[in-house]
Amino acid sequence: MTSILIVYTTLRGNTGKMVEPVAEGIRSEGVEARPMLVEDVTMADMTAADGIIVGSPTRFGGVDWQIKRLFDVVSHEGYPGPLEGKVGGAFTAGSRAGSGAELVLLNAIHVLLNHGMIVQGEPFGPHYGPVALREPTEEVLGYCRSWGARWARLAERLAASRSASGESPSR
Amino acid sequence: MTSILIVYTTLRGNTGKMVEPVAEGIRSEGVEARPMLVEDVTMADMTAADGIIVGSPTRFGGVDWQIKRLFDVVSHEGYPGPLEGKVGGAFTAGSRAGSGAELVLLNAIHVLLNHGMIVQGEPFGPHYGPVALREPTEEVLGYCRSWGARWARLAERLAASRSASGESPSR
Amino acid sequence: MTSILIVYTTLRGNTGKMVEPVAEGIRSEGVEARPMLVEDVTMADMTAADGIIVGSPTRFGGVDWQIKRLFDVVSHEGYPGPLEGKVGGAFTAGSRAGSGAELVLLNAIHVLLNHGMIVQGEPFGPHYGPVALREPTEEVLGYCRSWGARWARLAERLAASRSASGESPSR
Amino acid sequence: MTSILIVYTTLRGNTGKMVEPVAEGIRSEGVEARPMLVEDVTMADMTAADGIIVGSPTRFGGVDWQIKRLFDVVSHEGYPGPLEGKVGGAFTAGSRAGSGAELVLLNAIHVLLNHGMIVQGEPFGPHYGPVALREPTEEVLGYCRSWGARWARLAERLAASRSASGESPSR
């Protein structure tokens, strides 16, 4: 079964409130969603997943240091890379417009791409992932659901094409 | 037939020298490659392609203004977005380490994601796309080929999964 | 007299509404503010100013192409660089949280730094410059004023220290 | 006496080799340079300095997590912010062109700006700070020296203008 890991941490609880709606969206497409606090995630959790979504509070122009630590210590021995070909995305809660929320998403995306992962943007909603300004509104929570579903569909499509072609996930 | 458009412009010729190797890599996987100078590209060329790769010289921390203009004027009428679900990537030639080459790739990737496109990184080679420092070396040209092939395979897989699921490209 | 050029363009008028408050803030510190539409700005306007502030609508993950064109064609003949040592900043109006507004500010800042300019962030307000989501609110307009004043003070301090040390602006 | 703190960590030793040349450049202008390993730096070291320069290995599209942790836990109680108005910059050693070295510099700059610090680019050398690809060459080490001197001069100018105007560093 296709499975997406949601690695998150929260500062005042707002990012935490976005986790379950994202998970619901993923499950609505028949894909497994596994939310885990960043301090509990092991390398085995990362490699077992078909996709990894990062939930980080908005922290001084980048992801929370605990998130960065997790991706810094991923072992890179052997080909393909352990995270290569997985889908990846990010969501965040900041304080207000200009608080650096988008930079957190981009910093996360840069890290995920660096590991060889696959990222998709969104032309009409928030382009780089869900953003709450303080307490997530109903609109933001609803977007978290449709965004989660979007990732689940992409992960499913990539898994299907992989089996069809006999291709390894890393290609 | 799956087809990838290569939109490019060159300043001193170095970015231009990377175009044909990228195209060769794409074709080596049985995918059509269409290199076009940015000033010749129409909206119809963009929407017809399954993928769009940007080749831009390293210009002051971002893509050349002509590249940006092309993506600024994409019409956004109707759903899904005209470029949504296409694969996208970028390559560049800069002058030396720290010249801003990586920023050009990232600026391009940010623009492509904003349009709803799908981007993949690379864990072992240049992470965000091919980079030449001045004249592209044989190593860089070789990487352009394998990188082009990588995009062709991703475009093929997404096209196959689309037909299998009856899904529209934008999902 | 110390002078700051405000180079701007607007799409639906929202970025345009931020120009005058920024200019007022600059003038409140006894510094000249010169707002100009991007299409009217010449190289001489750029080099004559002690600081350059960019106002751009939020356009697909980066500054409007006309802004980029202006900075792409700055002549780089002779040392020091023509914009080196000037202060620089950016403001923007986007549509909503996650619309790419912060990326516009960062793209602008990357371009300004590439030209050797001096940029300051802000720890408590919007960190990278004023951001309006659609129509600028009174709070945003007020922030534009205090932010403009902040830049004027920095430009004044740098001008004063330059004369005191007999140093060229580019150092 | 004006003083610049160099906060660094190194992975294979290459970033470490850039520290002393940067410090030499700073001292050549009569400014104190204090290199410290990231794990030894306290909040008091940060607030006492007139400038903070970050040396980080190139780590998956951003600064090393230990660097990020240091800036994540800066206390923000009281106005002005504890790092506001200080000068800041970054240097890094990556593996090769496209390895993410520039992203490390930008990630660092985004963090520094977020804290209200002042950053300057460079029009002719590496635009965003010194970059070594593997072992730093003599050219890179020489650039580290001139870049360090550049920061020392900027810190001196800002310190001078501050005393002249009776202005607090944060303004």
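To keep things simple, chains are lettered A, B, C and D as they appear, and every chain counts its residues starting from 1.
As a convention for this text, a contact is a pair of C-beta atoms (placed from the backbone, for glycine too) under 8 Å apart; a residue touches a chain by one contact, two chains touch by 3 or more.
Note that the structure is predicted; figures quoted are calculated from it, not measured.
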Lowest number of touching-chain links that must be crossed from chain A to chain D: 1
Contact-richer chain pair [C-D vs B-C]: C-D
Centre-to-centre distance between chain C and chain B (centres being mean Cα positions), rounded to whole Å: 31
Distance between chain centroids, defined by C-alpha means - chain C, chain D (Å): 23
Residues of chain D touching at least two other chains: 61, 100, 103, 106, 110, 113-115, 127-128
Chain A-facing residues of chain C, complex: 61, 94, 96-103, 105-106, 125-133, 140
Chain B-facing residues of chain A, complex: 76, 79-81, 83-85, 106, 109-110, 112-124, 127-128, 150, 153-154, 157-158, 160-162, 164-165, 167, 171
Contact set on chain D toward chain A in their complex: 59-66, 68-69, 71-72, 74, 100, 103, 107, 110-111, 113-115
